[in-house]
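Paired with chain B in one complex and with chain C in the other, chain A is shared by the two complexes that follow.
Then we have the complex of A and B:
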């Protein structure tokens, strides 16, 4: 038991702590590897071009956050607090962006508002390449993340509070300000922190549609891949950690102020039909869903027409990757292979690790440390993690150097990248399992692994499936970390799409993006099918 | 509170006490969670075949002690010897016990047969032997027809029996039960505790049960270990604990008790207001303040003559009807209040009603004195 815990600690040290440490060290060294203190940072802040992209990043992140938050709040309100028609449909549509790599909205926006875009005139002479495009793409990309948090926050409401307010003759606006908003304050703050961090560190959208408008994430890429300036790359990488650090601090402060909003006697709020309000929110939700579908639809359409915008007849030729001279289907199978490996190995490591952390006896401090380590990846943007991996695994004196450039490093990196959410899902599920199962097993002299297999795994199967699908979909769509780590043999579909777009073949890039969306969607479908079968098979004991 | 019957337990205890070395010996065990001392210097012997109850208020360390015996939370200081072997450092898997938890901890995805057979599979037994053993266990707890059901499809009482059968499957020498009945409703609880006791008797397995329900402990245990704040307050047979509490805490926690402040006049005599009362047994020094304890059912009203020894005048303030008996609140001349239990017969015969004056007697052999003003007395008024 303790052995397994130590093994997990070793794994997290090698795949997370040491790479991050190398990044930190790199930022304090010169090109020859000598310690130079904060000289690199001084150089960074003395360079006006660098400072400009820092300002740019803050600028688009702030605007993107405000717009996303506003839209997601209205949408979440419509889903949870009104009786508008089609709530199930709207909920499903809003989650579509999760299936797409973040470069896909960038590509679609080129079709919509680019030099030959259908809606170019709507920009009144402004360029889509630059902040406008970045903000639009990021809104698409960050929307579902904000929505999930806000729907959760708005779902938790005490109906009695509303009845009390109404009986005191408060007007709807007053009720909104005094009951609704305070009730989801925490959700609003955490949603804004999460999406600010997402936009601040995203690489896919600005890469595709940023044009000459530089942001930090593209700067890192340019410094490292373009100019081999690893030290400066490390400095920018550390700057990308800023919002996560701020979020952590803000979260701490909020949590101290957060009191339980729901007493045990709370009655869930049942929204009542309000014809006018429902209709207004229906229109709002339809507009937002329309935007999401338009972006996705445009990417699909762009991948299906012969030559945008001159020849709009339909074709499948852009999906014929072998003929298009873009590495054929190899990258797709690489992506599939990686996603499958990440899902299989990642689920095993993360769920097994969470089991050890949650259920083993003794070694309290070690378990607390492991849990803390598991929380770190959430704060580390993909681009920073990818950078750390180069520094660590590409170092010639690292005995693990041989995995650099292989599928292994991609798999290990991606597992680490998405570790935290999976870990928390596993912990939540394990907490619901009776804490005494392990004690009973010990009293019956049954080894722990047998109880794990026969009881814990079957009982947690839905959570295990959730984790593996989450890992699979994210492995399919991720760009930011792996963009530093792929080699010619292990090129992935999402990266291939970026390179193809760079080479000017937007249609083929769209086709690749859509292939990823289709694969993720198919897996999601498969997941719900399996889940339904599992539920049917296990309902004998799940149902009371 | 109905006075439980424990004559049987008394006799049987005398038999078990005669065996020499104890089956389980707990010596000076302490356990701390960080700064918090959950068990303080616990020593206890349990004889083979005995049924021992740990009784105490919630949070007093009963579960912690049970888990230390099981090895689930190993204690910091002291030794535990089971069957002559020092098991203090052994992990639970190398100790000999079966355990039933309050939550039962039944595996939800396994049916009753698989739950009961969980510890048998993978051992030395053959398939047919296992099957026979499971059938035997199910018959023992009366669940023969429920073998293919899942825990979620059983009632609370049935789940409890499955947990019991599972714990007994490997024929352990020691059965540990952590509040096994507290999740059930009152009727089922009473029924099952009888069955539990019979089963334990029949299998002659040594059993330790944790409970915070004093009635349950009095009814089921051969010996009761009363605990408070990580310490053992008293160990004794149910009748001992009930009749002769050695600590004010025990007197208060087990059964109903009146606590009245008195002054010691001389050896064996105390002053309660105007009245002088004789007291058997030990009493504090003359002139010291003390607390007098007497159970409501020990207060006599029938045939008390004015001026008789240990009698006081009182007036009935309130009468509470409690089914098979009545509890009256009496006010003494000095203003102190006492609770007294009267049978329905006495109520009728003496036509007792609020406002009525009467004479009561506090028999000297039923009074206990504790030297200090008892803090616990506060909630008896």
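Then we have the complex of A and C:
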């Protein structure tokens, strides 16, 4: 057991800690690599624009987090605790933002609310470019991340608690406050920490739609891509790690209070039809889903239109990728291969790792450290992660430098990039499985790996499938880190889309984006089919 | 609680996952021919790549180009980050200002390509007889102007930099942030050279009142103008010409006072294992044939002996308006100070209102 934990520690050290160290250490160096103490920090903090960026970042992150959390919680509640119609449909639609490369929503928001936008008047004279656009974009982008955690948290509950509450004549509001909320407290806190960190460090949305409303992530871009100043980039990169550290502290405190919901004697909760409630939640869910579909629909329109906004006749020519550049469909298949590898390998490592962190005995400090490490990737902007990988894996004296420039480095990097949410999903699912299973197994002298394979994996299979789909779709859309690591043979579709847009061919870029969406959506459909079969086989115990 | 997955079923699933992974990994590794493969890093436009590659390979059988293309900022950052273990053999088509940064890091090999005497002085690294980089073609700042939106707003067409400070343009102009974009910096550095330091900064202060936002890319202001988001964008000619060719109601204006410019350049990476092949590419990049190819996208070329024609819809007189001399080295030395000053004065304009 301890051996496995150490192995996981080694993996995270090589793919996360050491690369980040090679870059972040530059924050204490000057351009020639000499140690200069905190001189870079002093210079950075002397810049009045920096404090503004910091305040701006906190401002949009806080507002974005509150809105996203509220919407995602209601939506997750509607999916798991009501009998409203069309739950399968709503569940699928909620994933749209994950399937779409950030280029698409950025563009769609401009087409919807920009100065030529169809719904510009809805902003009452305000501009989409700036905090309003950032918050809208971030809510769109962060929504499914919050949802995946909250759905996991809400989908398991002990029905006996609700029966007891009802027989004590507790009113629904009271039941909600005293049973439902405490039950998903851990999920709520992790979801809010995840979204806050995500928005705090995201660079794609502010770059596209932030105007010159500076946030820390765009500062990193300015320093690194605009001025090749890796040292100052590292300074800002370190600041961006702050929320991850805070998250970790909060997470520790919460974990102590969380009790396993699914004790070995639990009876799963089965939502009962409540016509009025179901209808209210249906309307709420429909409003959210409608917005998501509107954004996607606008992006689809953008990929079909001849010349926005001056020639709105439709054409399919932007989907002829051979015309748009030298690469044709090659990058598409590279993307597919990378996403499949990330999903297969990443799920095994992350779920296995989460199991070790959550269920093994002893080695408390090591497990705590591993959990902290798992929280870090979320807070690392792609630029920082990508450059770190160059500095670490391309170093001439690194024995691993043979993987640089190959598909392997893209896969390892992408697994690292999306580690945190997958890890938290796995932990949330695992927390709901009573530790008694392990105790009973131990007293029956059943080895731990068999309990893992025969009990834990089947019980958590829906979460495992969710994680693999999450990794797949993110690998299809990711740009910010891999843009520094791909080579001529491993060029990805998502990068091609960005470059096409840079070259001024926005509609063709949209078409590439829509192809990614369609692929991921097809995979998601397949996932739902498998899930249904799996649930019939392994999740029968959730029903009575 | 029985009826778990059967053991066989689980084992099969595990096998399936492993099998998929194995197949996916095995399908890697393309076969290598005997030809020399040159790793060429570039920021050229995507559509130019197949044309340039074909022309070079036809003239130099046995050498194959493998492109690594990205935007100027990304590819430069990547080259710098790879400094200790360089992957590129040669850079073909990257801003000279980026080349100077690489040169300062000692990453470029000195080489004087064939036909070097036919390269115009402005396009040469003249500090010593053995240049580390050689220019290919030039691109200069320009104003993109959306005629349809301007008419709706009743805006006159600007013809000079000074025109842009006219209060009628309040909040109608977008330009690149010089801290994020090379185009932004070359424009600012041209103002400082044209109007002098004091005049340059006071010009920017006046312009600042009319600027709606500073964007993080050099071509984005023009593209936003093409999409009708703003009537006026400070950018460079290439994206504007492309928009016109696509049918957007855009005009590309070269301001009468003079325009800042940068060039695309070629440089061999020091330490390349393919030095001979890289030198052949450097020779080709400086040749008359290559310059004719550059002429499809740019008006101002490096060679004296190639008569440049005006690409379709390209604004006239770019060559006459480009400031000369353009003090690249002085501006490169002052870059940090200029950007700090700019950031202090204009960087945090858009606080929440």
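Here are some notes:
Here is the rule we go by: the second predicted complex is superposed on the first by the 324 of 544 C-alpha atoms of A that agree within 3 Å, B and C clash if a C-alpha of one lies under 4 Å from a C-alpha of the other, contacts with A are read in each partner's own complex, and residues count from 1 in each chain.
We adopt the following convention: contacts are C-beta pairs under 8 Å (C-beta built on N, C-alpha and C of every residue); 3 or more make two chains touch, one makes a residue touch a chain.
Predicted, not measured: the structure shown is a model, and the values here were computed from it.
Contact with neither chain B nor chain C is seen for A:171 once the two complexes are overlaid on the shared chain.
Once the two complexes are laid over each other on the shared chain, residue contacts for A:489 go to chain C alone; chain B is not touched. Within the superposed three-chain model, A:361 lies in touch with chain B and out of touch with chain C [touch as defined at top]. Once the two complexes are laid over each other on the shared chain, residue contacts for A:407 go to chain C alone; chain B is not touched.
By the document's definition of touching, of the two partners only chain B reaches A:434; chain C does not. In the superposition on chain A, A:450 contacts chain B only, with no contact to chain C.
If you count the residues of chain A touched by chain B and by chain C, you find the higher number for C. Legend: residue contacts after superposition of the two complexes on their common chain; A:442 is shown touching chain B, with no touch to chain C.
Looking at the shared chain after the overlay, A:272 reaches neither chain B nor chain C.
Counting contacts by the rule stated earlier, residues 454-455, 458, 538, 540-541 of chain A appear in both its interface with chain B and its interface with chain C.
Residues 70-72, 91-93, 95, 97-99, 101, 103, 105, 107-111, 118-119, 122-123, 150-153, 166-167, 169-170, 172 of chain B are the ones touching chain A in the complex. By the touch criterion stated above, chain A contacts chain C in their complex at residues 47-49, 52-53, 56, 59, 110, 114-116, 129-131, 207, 211-214, 218, 221-222, 224-228, 230, 306-311, 324-326, 337, 340-341, 344-345, 348, 387, 390-391, 394-396, 401, 404-407, 453-455, 457-458, 483-484, 487-489, 499-500, 502-504, 506, 537-538, 540-541. Across the complex, chain A meets chain B through its residues 361, 434, 436-437, 439-447, 450, 454-455, 458-459, 538, 540-544. Against chain A, the residues of chain C that register as touching in their complex are 1, 3-5, 10, 17, 20-21, 24-25, 27-28, 30, 39, 45-47, 49-50, 53, 66-71, 73-74, 76-78, 80-82, 84-85, 87, 101, 148, 177-181, 212-217, 219, 223, 226-230, 239, 242-243, 246-249, 335-336, 339-340, 343-344, 347-352.
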